[in-house]
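Input: structures, listed below.
There are two complexes below, and they share chain A, which is joined by chain B in the first and by chain C in the second.
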Partner chain A sequence: MIERVYDVFARKHRGDQLAHIGYVDALDDEMARVYAWKTYDEENWFEMCVIRRSNIIPVNRQDGPFSGSKGEGK
Partner chain B sequence: MKELLEIRDLDGTGISALRRLILTLADSKRMMGIRYSDWLLGAPSIEAGIAVSSMAQDEWGHARLLYAMLKDVGLEPLKIEHERPAEEYMSVGALDGAFEHWAGIVAAMTVVDEAISVALLGFSRGRYEAARTRVPKMLAEEEFHASLAKAWYRRIAESSSKARSLLRDSTKGLLPPVLAWLGADDEAAKAMVTAGVTKSSESMTEAYRDRLRDLAALVEVNIDQVQPDSGWDKDRARGPGCPDEDAVERVRGDRNRALLVE
Partner chain C sequence: MVLSNEDELKQKIQDGYIVESREEMTEGYRKALIVQLTVQADTELMSAPAYWMAARHAPSTNTQVSAHAIIQDELAHANIAYRLLEDIGESKEQLVYGRQPHEFKHPYGFDQPLDNWADLVVANGFFDRAGITLLSDVYQNTSYGPLKRALVKVDMEETFHLRHGEVWMRRLAKAGGEAKEIVQCSVDWMFPMTIEWFGLPDDLKRHSGQLDYKLKGLSNDELRQVWMSSTVPLCEELGLNVPAHFDSETEEYVLDYPFPCEYDVADKRWVFEDGETTWDAVFKRWKGRGPMNEIYVESIQRSRRDVGGWLAEKRQA
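Our next item is the complex of A and B:
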């Protein structure tokens, strides 16, 4: 079973901008949802979402935190 | 909205039945929490360990809210939580022992936690005000438990034959005591249905089978053919046996009794 990296974004209040708050390793999207909610539970988030890192497409640089190893790096 | 239940309108049978219903839910929640807590450091990944840690906290929080309802029916929650022997626990028998492997706790997450949620859903839609107001938040938190359970159940079902076999055996072992617990149809259970406090055992069992049918089929378990355990103990609302002593000592906080502050 291969885990993938999912980046976690959240905002505390309606109207706030989504902020990158961390990442989780998970076997699939459903596990990533739960892991993110349970791992980053220090706030009463208004909204949280996860995205598989490999689905993030770098725009202006290839050495950013989300572009390592075809999107699967940490 | 249904007319709310007035506790003073319940007769002796009704009060006993409501005590039993609250206790069986609270004790099952507390034992579910203990079983999750066993895996804080042994889960397959850090994230899975954090998740079961959080789920253990959820279960204990839910149990605490349920025990508090006992005040309405003349029982002191503090004594109930900290002074009963294992033989008096009313938790579902499927949680009596620790789970030896990850497939076992995933099966419990799926088979047992889901059954408790179905029972709580029936309770939350009845006439008892405390259940109507407090249980919906529990059920919202339980949605994450169910999501994780289903995701892991599918993963293990699709993995090696050994893991799949462990999941199948665990599922087969857990279902009979759970079906006996959820399908209880004795006098006290009927009294709660008649009083509008909860749903009928038939409807809850049907809803439960519907929720689990496809998942169980992944490991060749036909949930419609599984029979509930026999040997129902109506006084404890469960089958024979009781939780292991080590777990109950942890539940009661025996080792730190001197520090108990309430």
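Our next item is the complex of A and C:
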């Protein structure tokens, strides 16, 4: 089963910064939405979104989890 | 920036440097972090089947919901720790689905059956308290940025598990009679089980590098004291006997039984009367794994191949 990595962003209240809060592995975008909502249920989020890690384009660093296409499924 | 020198990295870390990526790690740092995260991930993962099989003893639909909410949290925490491992080069697929039951690194306590509602709530009260004790120390001291951020959620939810455990321990203990007797039985096997969880005493501990790399802040004995400083007063307040007391002269909690000690799996009982055993014997018992090890691991792994196979067939069609 080839799962992709999705990074989860959320903010608690209006006016808050959108912050990276975690990650899920999912077979597709729809499952990623469900997993993110169910997994990161520690707050009553005002807004949450997920993005495929492989779609994050690093700007100034060549290291770390967002570099290259490491997030693509195995 | 690539650091090749272990001592250079250790010095920077002691001066407050936060590591953010695999590329910034030395091999020694990466290995030490892998060990720590594997224990953390496996512990969260194995708590799920242990709690899941115990949840059928829930006395009401509401308590069923609470018990399953805790299981959901534990699985999410495991997912977080395995993802952190992937980001430093390990395979979650291999770790979760590719290992034999005895290869998991969780503590011996999560190889044991939780046989009734009292066992489950004391596990929440004792084991989750141990989890908070260990992870709060990591949160406050870790030099690894991604782990520190991930622990915010984990800590919040573990606090809920602990409250669930302590509220129910209180309810059963205050009721007296059979309710109190059964919670006392759970305390009797789980108190020494959790004490042992914190590992070798400091005077026997091999140097692991976890303190040099600031992957944790407190030693095993210090963490054991922190756990007892919450657990012993709680049990005393509830009139539950625990084999430990506070020594006002040394201002430390002291165990009132031979430590380490042998455990009789069949009777779910610590064999205090045989006196102190060796840590070699304890490691041998841990390595041999406990009675539920294969059942718990099997419950997690069993459908992976089947369902994966169905999906592969569909892709080929």
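We take it that the second predicted complex is superposed on the first by the 67 of 74 C-alpha atoms of A that agree within 3 Å, B and C clash if a C-alpha of one lies under 4 Å from a C-alpha of the other, contacts with A are read in each partner's own complex, and residues count from 1 in each chain.
Following the convention adopted for this analysis, contacts are C-beta pairs under 8 Å (C-beta built on N, C-alpha and C of every residue); 3 or more make two chains touch, one makes a residue touch a chain.
All figures in this text were calculated on a predicted structure; none of them were measured in a lab.
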Partner chain(s) touched by A:26 [first = chain B, second = chain C, both, neither]: first
Which of chain B and chain C A:42 touches, first, second, both or neither: second
Which superposed partner A:1 touches (first chain B, second chain C, both, neither): both
First (chain B), second (chain C), both or neither touched by A:51: neither
When both partners are placed on the shared chain, which of chain B and chain C touches more of chain A: C
Partner chain(s) touched by A:34 [first = chain B, second = chain C, both, neither]: first
Chain B versus chain C as contact partner of A:63, first or second or both or neither: second
On chain A, positions contacted by chain B and by chain C: 1, 24-25, 38-39
Residues on chain C engaged by chain A in the complex (per definition of touch): 20-24, 72, 76, 79-80, 83, 86-87, 91-93, 146, 149-150, 153, 156-157, 304, 307-308, 311
Contact set on chain B toward chain A in their complex: 45-48, 50-51, 53-55, 144, 147-148, 150-152, 155, 159
Chain A to chain C touching residues, read off their complex: 1, 5, 20-25, 38-40, 42, 61-65, 67, 70, 74
Residues of chain A touching chain B in the complex: 1, 3, 24-28, 30-31, 33-35, 37-39, 41
